[in-house]
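What follows is a pair of complexes built around chain A, which joins chain B in one and chain C in the other.
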Partner chain A sequence: METYLYIALFAPLVGSLFAGLFGARPKTIIAGLVPTGLLFASLVSSTILLTHVLAGNTVHVELMTWMETGDLYIPFGFVVDQVSVTMMMVVTIVSTVVHVYSIGYMDHDKGFNRFFSYLSAFVFSMMVLVMSDNFAGLFIGWEGVGLCSWLLIGFWYHKESATWAANEAFIMNRIADLGMLIGIFLIYWNTGSLQYDQVFAAVAGLEISTVVWIGIFLFIGAMGKSAQFPLHTWLADAMEGPTPVSALIHAATMVTAGVYLVVRANPIYDIIPEVGTVIASLGAFVAMFAASMALVNRDMKRIIAYSTLSQLGYMFVAAGLGAYWVALFHLMAHAFFKALLFLGAGNVMHAMSDELDPFKMGGLSKKMKGTFIMMTVASVALAGIYPLAGFFSKDMILEVAFVEHHYILYTVLLLTAGLTAFYSFRLIALIFHGEERYKLFGFDPHEAYKYMLWFMAPLAVLAVIAGMMFKGTYYDMVTQLLPAGEYHVHSAFTYWVMTIGTQIFVGLAIVYAYRKYENAKIDKKVESGFFYQLLFNQYYIPQFYEEFFVKPYRDLSMIFWKHIDLKVVDATVDMIGNTFYKTGKETHVMQNGNLSTMLRWMVAGLVFLLVSAIVFAKANDIFAYMVTIVPGLGA
Partner chain B sequence: MLEQLLLILPMAITVIGAFFLMLLSWNKRFTLKDYNLVAVFFLMLSFIVEFPQLSNTEIIYIFPEVFGTMYIIDNFSTLFDLMFTAGAILTLLINTDYFKSRNYFNGEYFALVLFSVFGMMTLAHSNELVTAFIALEIASLSVYALAGYHKNNRLSTEAMLKYMILGSMTGAFFILGTALIYGAVGSTTLGDIALFIKSASDSESLLVITGGTFILVTILFKIGAVPFHSWVVDVYHGAPFPVTMFMASTFKIALFAIALRLYLVDFAPINVIWSELLQVITVLTLIGGSWLAISQDNLKRMLAGSSIVHSGYMLIAISSIGLGSQEAAPAIMFYLMSYFLSSVGAFGILSFIASRSNKALTFKDFKGFSQRRPYLAAMMAIFMLSLSGFPSTIGFLGKFYIFTSAIESGQILLAGLGILTAFISVYYYFKLIAMMYFYPTDEPQKKFPMDLSGVLIGLMAVLVIWGGIGTGLIPFIPGADGFIDIAKQAVLSLQ
Partner chain C sequence: MLDNILSILIFFPALAAMFGFVVAKDSIRAYGVTVAAIEFALSLFLWYAYDPAVSGMQFMESLPLIPAFGISYLLGVDGISLFIIVLAAFFTLIGIASLPDMKRMKDMILTLLFLQMTMIGVFAALDAIVFYVFWELSLVPMLYIIGAWGGPLRIYASVKFFLYTFTGSLVMLVGMLFMAYFYHQATGTWSFSILEWYRLILPENIQLWLFVAFFLGFAIKVPMFPFHTWLPYAHGQAPTIGSVILAAILLKMGTYAFVRFSLPLFPDASVFFMMPIAVLAIIMIIYTAMVAYAQEDIKQVVAYSSVSHMGVIILGTFALNVEGISGSVFLMIAHGVVSGALFLLVGVIYERRHTKMMSEFGGLASVMPHYATIFGVMVMASVGLPLTINFVGEFLSLLGFYQQSHMMTLLAGIAIIVGAIYMLAAFKKVFFGEVTNEKNRNLPDVNKRELVALIPLVIIAIWLGVYPKPVLGPINNSVESIVQLMHEKAVTEEAKARIPDLTSTIVINEAKEETK
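For the complex of A and B:
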């Protein structure tokens, strides 16, 4: 089994290096095919490991010692257990699909080889993140995915907006990573280890306030990676990257790393339910907050990004309330339908020559039947309609909130479910139905390559069946490691009222969205309203950050540069350098190449050394002699 | 008997090769390439025979019934031998093109290289002062002749003359020192001297100290410590490139072989006396060398000046030995290895380029070099980084160990000065990197063939990086930690 573990882990790395070899060369199809093939090998290995885990086993290997000084011992250890195998499956399935899809999507791009090198490097980092058996390895993966995300958001680096978005994402994540690092240091100081099993065993014996701090700091790290408020702005801007990247990194895998961290650290969060409640409340807030922004946005990818944000909020609600397996289950289901949605959006973008405004589309269902069906399936799943994946995973979170007596959270989430359905089908209606507005703008849409659609199909199938088929098996498997909890409403009557009520509510939202947006009528009165403007400008948060953080920081930096760096630091360095250089030039005369001078110097040196050596050697004698004669002088 | 012969076989092979080349050079039918191959063959054979001895931890005296304890074989000398032969092999192979491009080389050149390698090996093995003197002179005389090999070039002749006059004088110092020590001890074997010093009173050992100081001056002269440095820049500049490379990388190492053996073992009880003197010399060497290096335009002269600074670093560790640092001796060995790799590489690139033109190479000639020859420029940058002690290269670890030893023995100020001169060295080393990368090129890109020299230089560059960050996880290949372990093992065999 260890062999499969190594294949699953290192195959993407090999693929990345292979594609990297061709980095500076013109497009070669091999640079895309080989990483994809290796990733498929990784997927197969992960599947084999999954069957192994389903049989009740886990795999734990220690590749080698990484650091060993004093008490600190950190190995490169990897573990395949119920939690990590879930993540491995999600990562490998989605990334294999995305790799194949990208071969088509990046077909005409100059950076084709480079793209696959980065993409596979991302998968490797993500595998390290989820498979590590200690916090240090997790952090390496964490930073690795951050780096790859930066590389990929800024993939079209000649576009100013892309580099800006890449930097924004990276810097936001750095802020959060600092929190995460502090959390890891706290863990090490207090438990003396970074291995998960040892830490979780030791954490119960710590003071509750320490654990609270650990929990908070780790969650700050999670907030950055999972783009929770107030560090959420980067995710929408990250849509500057190529769409397969958005599907893989900014929907299915990397952004869920924060959820994974909280789930993985569940023994810590179990001790501190107060922090859990805060996490859940923040999650519910973000769910609603992000969904509200998605209602009015006019950028197809940003709408889906906000939807991702909102769904991450749902996951944090579940994780915060202690329903870790529900969070993980929703993570998995969400990965499938959200990646599908993004890839569909990528097809639409290609068809529309990178146009993102859905108001300029309309009626595309005739030209792009495959994409239309898949995006609809994904949206239905996202909205949580029975019997698709979203119904089982998302409605479960509502139930959790209800059963745990957090009725406010429940209400918020319920409303958000309606909003989700609304904005999802607003998008579908605008893109695929109604008049063919694109003709006005002179677009000539065409369906994507056949094989791209075929490889999207597995995601569509999973989006349909993941909830219905896997829920029972998954529950049995994952609760071997995570706290079990069935979360059933006690009375059957309440259960049916809730379920059917939710379904009807969501259904009404869908119908409303269709009716309102089928003909893409723009209601001027609503658009000029305060709420519309507030939502459209993302609650003015980006402007707020610009005004109150970015500008003061820039001003401060200018002051430091002009007054401290130039006048103090540079001047000092220049002075030292100039002094030395001038003396060097002047003493040059000593070195005049004259043989007699050389001989003189040598003899002088010899005499100096001889005299000093003798004086030093005789110093004791002379000293003793002085001691005898000095009193005589004095007397 | 046979076993003993096997042990001296590496030395024997070298000297036999030298005579063989002398005889061969009568015949006009052979080309330089043939001579080169023969020389490399003998050196390679010597290297291969000697390499397995590295794991031999015993101390053996060769033919004790004839030579007594004059000639010693231990891990320490074996490691040095390997460096000498490797240095000579690399010098010969990398300079293949240079030999072809200059008409003044002939068969005797290669014989002289082998003779000098033989001298150095004997120096590393000598356990007696007169043997050491003879070995030193065999090596030195060969190098004098090599330095003046370009007979019709004024600079080369001048270099030889200066080097020979000054060198002969210091040779006289060495033998005078030996005589003084013999006068006091009645023997010139190192073991006897050590015994004498241990038991002698202060006044009795005065003669030994005086003699030791004379020997010290010889060593300081050969490694180019200030104020005995004045020949370095002129001689390095005047000598043909392959010779400069050989002197800077290989011959310099040889002096440390005898210096370490003397001061680590035999003068150990009294070397604290020299520590303060050495500190003064070290300060002078570090600062003087930096001054020399910083104001040079010619690259050969710059590297010559900087080689003085590198001697200064090793002197720091030598005075640390006197003050009782355990880490100092391995630090010197490691530094020698790191300096050897980096300087052979740097000089190798210079001579590789020089073989295609007759110009003196200055900083300006390297403007935009990275566009003309990206791979060579990258390698040159690696060597410069390593020479300046940039982290992730072997040069960084070398300086790190030296400074650690200085701090361990309480010479904080000296370590501070060393770090300061390391910063200064960044100026003249990075100047070259800046020239290569930040300026446009005047000339169009030329196609140079990538041949054996290029491959060897590339190998050195890889070793420089590997020695800085290499991991010990790959079996049979020592990582960055492995090198210092080899050095420690070698020093251990001395005690």
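For the complex of A and C:
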């Protein structure tokens, strides 16, 4: 089994290096095929490992030592257990599909070879992230995916907006990574280890306040990668990257790393339910907050990005309330349908010459039937309609909130479910239905390559069946590691009312979206309204960051350099130097060898000495006199 | 040969440089490369022959110079100095090998060989006077390199560099004399041997004064805030090779001296000054990183980034535990590799365009893809991405200091954010975007001569990031003995508590093993 583990882990690295060899050369198809093939090998190995884990085994290997000093010992250790194998399957399935898709999508791109090198490197980092058996290894993957995300967002580096977004993503993630690093330090100095099994065994014996801090700092790390408020702005801007990247990194895998971290660290969060409640509340807030921004946006990819953000919020609600397996389940289901949605959006973009405004599309269902069907399936799944995947995973989170008596969270999530359905079908209606507005703008849409559609099909199938087919097996598997908990509403009546009610509510939202946007009518009155503008401008948060963080930082840096470093610190040094220099320069005439000058100075010196002698003597006298008139002064 | 390997390492380049004066101009590069290659091979042999299991000094040599005052020619290496010596030999080699054609090439190569003598002398010396002699001698070749081959402000820059560091060193010399005097008072014999000094337990108030005297010399060399302003001038004016050696090796003298002198000689003073120094280190980290962000000249970005990284090294050193000090020593090597490489890379572009202003560039990624890739790798190493060499050092340094202070480490950790900001911003300005300047449109990519220097650095930066053990292991052993020495020597309660007692943890570990 160890061999399969190594294949699953290192095949993408080999693929990345292989494609990297062709990096600077013009497109070489082999640079796309080989990484894809290797990734498929990784998928197969992961599947074999899955069957192994399903049989009740786990694999744990230690490759070699990484760091060893003092009491610190960090190996490169990897573990395939119920949680990591779930993540491995999600990562390898989605990335294999995305790789094949990209061969078509990046067909005409100059950076074809480079793209595959980065993409496979990302998969490798992600595998390290999910398979490591310690927090330091997790951090390697954590930063590795950050690097690849930076490379891929800024893939079209000649675009200013793309490179800006890349740097924003990297730096914002770094802020969160500091939190994570501090969390790791806390863990090390309190438990003496970074290995999961040892930490989780030791954590129960720690003081509760320490565990709270560990939980908070680790979650700050998770907030960056999973783009939770207030570190969320990078995700929407990250849509500057090529669409397959958005599908793989910014929807299905990397952004879920934060959720994975909380799920993985469940023994820590189990001890501190208060922190969990905060996480869940923040998650619910982000779910609604992001969904609201998706309602009005006019950029297809950003709408889907906000939807991702919103769904990540759902996952954190589940994780925060201790329903780790539910969070992981929604992570899996979401990965399938959201990747599908993004790839569909990529097809539309290609058809429309990279146009992103859905108001310029319309009626594309005739020209792009395959894409239309798949995006609709994905949207239905996202909306949580029975019997698609979203119903089983997302509605489960609603039930969790209800059963745990967090009724406010429940209400927020329920409303958000309505919003989700609305914006999803607003997008579908605008793109695929109604008048063919694209003709006005002179577009000539065409369907994507056949094989791209065929390779998207597995995701479509998974989006349909993942909930129905896998839930039982999945539950039995992961609850061997995660805390088991059936979240059933006790009264059958309440359950049915809730479920059917939710379905009707969501259904109504869909119908409303269709009615409203089928003809792409733009309501000028609404658009000029305060709420529309607020949402459209993303609550003015990016502007706020620009004004209150970016600009002051730039200005302060300038002040530090020009005014403090040069004018204070360095000027002081120069002043000291100049004092010596000038004193010498000014006084060197004293010793010019001229006898009369020197005699004059001698006299001056003599006078000076005599005067000081008298002054000191007098001063002493005066002092002595004062002592006599004020007794005790001298003592 | 093993008995005298350190002397050979020190004096072989100097001797070769003497002979170099009679070598023909055309063959001087070949001559220089050969000498540096032999020297590097010798340093590798030193590493090979070094026994990593031994924590104390190895390859010791001793020769009385002035017996009346206990001054002797005393050499030796341990895990802390070994790798800096190897690094010095390595950088001299690739520096000479990748030297672009310039006027007075011969003088440059011979100067570099003399410089090499002084560098290795500093790290191998175990006698304070010998140490001091090499320490000061190293200024001369660097003064010459900046002053003779530098930019328009070269005289100002080189004189500032010389006088500033020299002033600090004189205070340090006074400190050394006092130290010897106290040693004489306590034992009745004179000695300048550091190893002898290690055995002396001083009262706290004397430690404080001596610590300050040494500190001034070291802090200017590092350079620590607010003594850092000579550095941007020196880097700004120095030719590429000068900046490379300065950043990679000469700055390490200061941080190395902290580990070699300040910590083991004055454990109580080290604890006493821990927090003030940590504050300085944090100012260095954040403030200079912000100054780096404001720069318009790419070389100045790298120069200020050096100061910022030195802050992390200082912080790790004053963690006063094995994790932190090992990390800081490792970071010395890492910073040498990465900043050396970055200065070489800046030199590549400078040679082609004769400007270092970032506004002159933009879009170089499409013109010079290989150059951009190597630069990108080094930027990521500088930012401290895991699996690159810097991360190991930074992680351990911060981890170490976390034991001393949570808040300070949180503040110092901002290094990973601000570091990313200035590096990525600079990278974006130079490499991303459209090519707007016509002069940049046909720049040739890195050539073979440049690759000879850069490829090995890339390999080291990743190799030691993935597998730091060959270097970290010996460092760890030597650091453990220093920490234990400090704990035993400490006189105040606070110092005893702050500096971990390794023997007790070993007992605990053994107990753990038994229960397993």
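Going forward, the second predicted complex is superposed on the first by the 563 of 635 C-alpha atoms of A that agree within 3 Å, B and C clash if a C-alpha of one lies under 4 Å from a C-alpha of the other, contacts with A are read in each partner's own complex, and residues count from 1 in each chain.
To be clear about the criterion, a residue touches a chain if its C-beta (ideal position, glycine included) is under 8 Å from a C-beta of that chain, and two chains touch if they have at least 3 such contacts.
Being a predicted model, the structure only gives us computed values, none of them experimental.
The partner of chain A that touches more of its residues, comparing chain B with chain C, is C. When the two structures are aligned on the shared chain, A:G577 is found in touch with chain B and with chain C. Using the contact criterion defined above for the overlaid structures, shared-chain residue A:E143 touches chain C, although it does not reach chain B. When the two structures are aligned on the shared chain, A:L609 is found in touch with chain B, with no touch to chain C. Applying the stated contact rule after C-alpha superposition, one finds that A:G23 touches chain C and leaves chain B untouched. By the document's definition of touching, both partners, chain B and chain C, reach A:M64. In the superposition on chain A, contact of A:M598 is made with chain B only, not with chain C.
Once the two complexes are overlaid on chain A, the chain A residues touched by chain B in the first and by chain C in the second are 64, 577. Those residues of chain A lying in contact with chain B across their complex are 64, 577, 580-581, 583-585, 587-588, 591, 593, 595, 597-599, 601-602, 604-606, 609-610, 612-614, 616-618, 620-621.
Within the complex, the chain A residues that touch chain C are 23-24, 64-72, 136, 139-140, 143-144, 147, 150, 154, 157-158, 160, 163-164, 167, 170-171, 174-175, 177-178, 181-182, 184-186, 188-189, 553-554, 556-558, 560-562, 565, 569-570, 572-573, 577. Interface residues of chain B, counted against chain A in their complex, comprise 161-162, 165-166, 169-170, 173, 202-203, 205-206, 209-210, 212-214, 216-217, 220-221, 227-228, 230-231, 233-234, 270, 273-274, 276-277, 280-281, 288, 290-292, 294-295, 424, 427, 473. Listing the residues of chain C that touch chain A in their complex gives 160, 163-164, 225-226, 228-230, 287, 290-291, 293-295, 321-323, 326-327, 363, 365-366, 369-370, 373, 380, 385-387, 392, 395-396, 398-400, 402-403, 406, 409-410, 413-414, 416-417, 420-421, 424-425, 428, 431-434, 466-469, 472-473, 475-476, 479-480, 505, 509.
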